[in-house]
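Next up: the structures, one after another.
Below are two complexes that have subunit A in common, paired first with subunit B and then with subunit C.
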Partner chain A sequence: MSRLMIWLILGVTLTFLIGPFLIVIFAGMSAGEALAFPPQGLSLKWYAKVFTVESFRASFALSMFLAIFGTLAALLIGIPAAYALNRYDIPGAETIRTIVAAPIIVPGIIVGLALLRYFVVPLNVAITVALFVTHTALVLPYAVRVVSSSLNNLRADMEEAAVILGCTRLQAFTKVVLPNIRGGILAAFILGFVTSFNEVPASLFLSGPGVRTLPIDMLSYMEITFDPSVAALSALLAFMSVAIVFIAERLLGFSRYV
Partner chain B sequence: MFLSRSEGLALALPAALFTFLVFLVPVGILLSVAFQTDTGAWSLQGYVDFFAQPLNQKVFFRTLKLGILVAGTAAVIGYLAAFCIVNLPATSRGRIFGLVVLPLMISPVARTYAWIVILGRTGIVNDVIVGLGLSSTPIRLLFTETAVFIGLLQLFLPLMIISLVSAMENIPRDVVPAARVLGASWFQVFFRIILPLTKEGLVIGGTLVFTGALTAYITPAILGGSKVLMLETLLYQKVNVSNDFVSASVIAMILIVMCFSANLALKRIASVKR
Partner chain C sequence: MSDAFVSLTDLTLSYGQTVAVPNLNLDIVEGELIALLGPSGCGKTTTMRAIAGLMPPAQGRIVIDGADVTRVPANKRGIGLVFQSYALFPHLSAFENVAFGLRLQKLPQAQIRAKTEAGMATVGLTGFEARKPGEMSGGQQQRLALARSLVMQPKVLLLDEPLSNLDARLRLEMRNELQRVQKETGITMVFVTHDQSEALALADRIVLMKDGKIEQLGTPAELYARPDTAFAADFMGFENIFRVEGDALVSDSGRLPLGYQASAQILAWRPGGVGVGAGPHRGRVIASSFAGGHREYVLDSALGQIKADAPIDVPEVPIGQDVAFDLPQDTARPLAA
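Here is the complex of A and B:
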């Protein structure tokens, strides 16, 4: 295949994948009132407006809370599980692995409906708590998988050596294992954060009036209003995700872990 | 090793119990709903009733069709793109690969929203069509199967390309040029060398794209609306519009069975190879 052919094919593919996104960025810069491309005059007013919309601010705060603390909670139970599955010969290890991985395979909308009907309503759980629990469950498989693969690369003799040299088991874990899997944990956190922040189907049924995650708030805003603010907000969120991943890649070679 | 099994179990149990209680139990109950009548007796009536309705049948087959179409198209484009990427010099390969992965980090809402700007009544495509005089009024592009297809393809194509690139990286570099020198056509090169050597990558990518397309909610919701329902959006309607939990449970079961069979098929094909 010639050079020209290669770049032609890649050019078309990348235009299809990324081009629409560039259009959104510009559509958000419109000076007019309606969504259009090319935009009717350039301005940043819609980019400024999204910061003043009360519901966006509230849902952004909720999404941030869920993404950060949901992922931290998933790591809190996920790291010990990954460690145990890697280092111990546990009875039923395969079952445990399957259970923990299940939330990835089951479609999100089913998770949301099931939790609403058979967890939130009967136990009278608050919406925020329900969302927190759901996001933790959805992120947990990623946390276990990424931390596991990072533990796989760490030889078990190092902990054994530490214990033989007089460390307690806990010390061996905190002084030898943890520092060595730091990169994997950070990668798991970022992957979990992005997954949780962008999640829609599972949160759909669980979101109540006034308590919505940001993507769901954007969806319902779109149904009512057809102005460029969602375009502006989409562009801002994309910059945020890309920046996080870019920094992570530079700092620790994020893609090695995922 | 020197670690006891009970310790290991104690470390792994919180995660397993958590997922089991807040996730598997509710999902299990939801799935069982469709197998029971109002009196609590076991029956398949929910399924019979569901498939008796023409709309439900239509949505089921449309979902299946779009899943297969999106996965098939992604495979064709994916092979072309992946072949190009692995033949790039190392530095530009990394950059181009990064650009392919990039969209995966961006919110699906934002990614799908772009197509409204492109395909809407006042969107770019309609501007061009009206501008060129091909039609005097804007034509409806949104809320069509084509729009949903395009949206899903853009959403999941990166997964296919990633799987195929990693499969192709394992083909020894000289094999394709050698075959060409010995007189094989590009057609033969693809079907007799590249395809057999990348089968695993194709299966992994195909499963990811197929199950992704089946279970996507945002894309059919935004680009299809109530005109082009898919199983996920139909489920949402059954719950929020008609309060029909039996149908919702049937749809949930269908989706899960489809995803699990795709995953099982993947496991089987992938393990036969090794």
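Here is the complex of A and C:
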């Protein structure tokens, strides 16, 4: 392949990766009233407006809550699950792994519809609770996978050494296993956080009066008001994600775990 | 034996349906350094893990210091185990690795510090307290693992191939170190090895294992001089082992009349016990190498290969040439089938 060809492919790839990001940033900087690219003049007023929209504040808080606590809940279930799958000879471990991975494979839109039709409506579950359960379930596969891969690198005899020195099995887990997989846990948390925060398909079905996650709220905002503030908000969120991943990468070489 | 400190009685150890160690009986005396010697897969690690409490026996009893500990969990047995891989805690400093067990005992801080420092001094690691295991050499990690077990003052210290991950020079050094620590502390030690020279050099007694069973048990001198079986003889350096039929030796390659009546079913000679340069048999030299105090020959004979060591004052026989050799009765070790 010629050099020119290689540069061309690289250029196209980068354009597709970074292009949309740049477009959103600049679209949000428009001085005009409608969402457009290229922007009509430059200003930061839409970035400022984002913070004044009441429903954005509420949905941002909800999304933050779901991303943080949904992911924590997923880790609370996922870490012991990964440990058990990794360390014990569980009959049907392969099947369990497949089931755990199901939410990655099954389209979110089906998960959302099914939950709404057979969980939320018949049991009259509060939307917030339904969202929490859904986000936990959607993040769980990532938690199990990332934690599993760091457990694989940890030899089982270290725990046995701890037991011989007087630890109970639980103490060996907290004193030896956990500290040695904390990088993997942090990586799983970040991955789960970002996944939950950006989740659209399932959350689309799980919204009620005044209860919406941020991406869903942005969608409905756009149906009514087509101003550049949505672009401004998207850009802010993208910066937040990039910042989190960047810090994590700096702190512990995040990309090793994903 | 009444003076047994550790008694394994009718111990059967299995992995699911596979029996790794069937019906083992072994008594270990207080303060001795005993070696479990045997080829890979003969059940040495399995036996260790059972003594440590990491593997519940399918059958049998384990008594340590007069108490039946068969059902006592590993964290309550008061036994030390140095893993083949060392199994150090990578997230803790050397000091904290050694202090780990003491902290679990909730000893006063000052006592933990004193014991840990003494333990590190015993293995010559003073000054390395702040290092992480990953920042230490193989030999230092080995010492650290030893110190971590020693500070707990275990009733019995088990060591699983403690020297096998070290290079040859360090292995000899740590051999002496291990022996010194054992004599200094007086701790009963069981160490596993597949290296007979290590077992001979270190152990007070050697348990030679084969397929989960004890093949022979004795002092290094006993095992070295008087192996009872072909397996034991092979392990102890009797490289020429042949079946006896009437007054001849037999191998897969052929037969060789001995010239004297042998009473045993099998006879074995060390290379040093084979005479070179004189004798009733002839062989062709197919390999010859200088080994310092002697010369090592490989001879092709009616029995196949014969390994023979000749004193250095015997004139060298070139490769390809025939030479007379002798399988004398007085250096032959009679073995059971």
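The definition used in the following text is that the second predicted complex is superposed on the first by the 253 of 258 C-alpha atoms of A that agree within 3 Å, B and C clash if a C-alpha of one lies under 4 Å from a C-alpha of the other, contacts with A are read in each partner's own complex, and residues count from 1 in each chain.
Going forward, contacts are C-beta pairs under 8 Å (C-beta built on N, C-alpha and C of every residue); 3 or more make two chains touch, one makes a residue touch a chain.
Just so it is clear, the structure is predicted and the values come from calculations on it, not from any experiment.
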**Message:** Let's test your reading of the overlay: on subunit A, do subunit B and subunit C clash or fit side by side?
**Reply:** fit
**Message:** One more residue to check, A:Ser241. First (subunit B), second (subunit C), both or neither?
**Reply:** first
**Message:** With both complexes overlaid on chain A, does A:Val176 touch subunit B (first), subunit C (second), both or neither?
**Reply:** second
**Message:** After the superposition on A, what does A:Ala31 contact: first (subunit B), second (subunit C), both or neither?
**Reply:** neither
**Request:** Measure off the angle at the C-alpha centre of subunit A toward the C-alpha centres of subunit B and subunit C in the combined model, and quote it in steps of 10°.
**Result:** 100
**Message:** With both complexes overlaid on chain A, does A:Ile96 touch subunit B (first), subunit C (second), both or neither?
**Reply:** first
**Asked** After lining up the shared chain so the two structures overlap, which partner does A:Met158 touch, if you call subunit B first and subunit C second: first, second, both or neither?
**Response** second
**Asked** Touch check for A:Thr168: first (subunit B), second (subunit C), both, or neither?
**Response** second
**Message:** Which partner chains sit in contact with A:Phe21 here, subunit B, subunit C, both or neither? Use first/second/both/neither.
**Reply:** first
**Residues of subunit A touched, compared between subunit B and subunit C (which is higher)** = B
**Request:** Superposed on chain A, how close does subunit B come to subunit C by Cα atoms? Whole Å, please.
**Result:** 5
**Message:** Counting contacts the way the document defines them, which residues of subunit A are shared by the two interfaces, the one with subunit B and the one with subunit C?
**Reply:** 160, 163
**Fill in**
Seen from subunit A, its contact residues with subunit C in the complex are 155, 157-158, 160-168, 171, 175-176, 179-180
**Complete:** In their shared complex, subunit A is touched by residues of subunit C numbered 52-54, 74-75, 79-81, 83, 85, 87-91, 100-101, 104-105, 148-149, 152
**Fill in**
Contacts from subunit A onto subunit B in the complex sit at residues 1, 5-7, 9-10, 13-14, 16-18, 20-21, 23-24, 27, 34-37, 77-78, 80-81, 83-85, 87-91, 93, 95-96, 99-100, 102-103, 105-111, 113-115, 117-119, 133-134, 136-137, 140, 144, 156, 160, 163, 169, 194, 197-198, 200-201, 204-205, 215, 218-219, 222, 230-231, 233-235, 237-238, 241-242, 244-245, 255
**Asked** Can you list the subunit B residues touching subunit A in their complex?
**Response** 1-5, 7-12, 14-16, 18-20, 22-27, 29-30, 77, 80-81, 83-85, 87-88, 96, 99-103, 105-111, 113-118, 120, 122-124, 154, 157-158, 161, 211, 214-215, 217-218, 221-222, 232, 235-236, 239, 245, 248, 252, 255-256, 259-260, 263
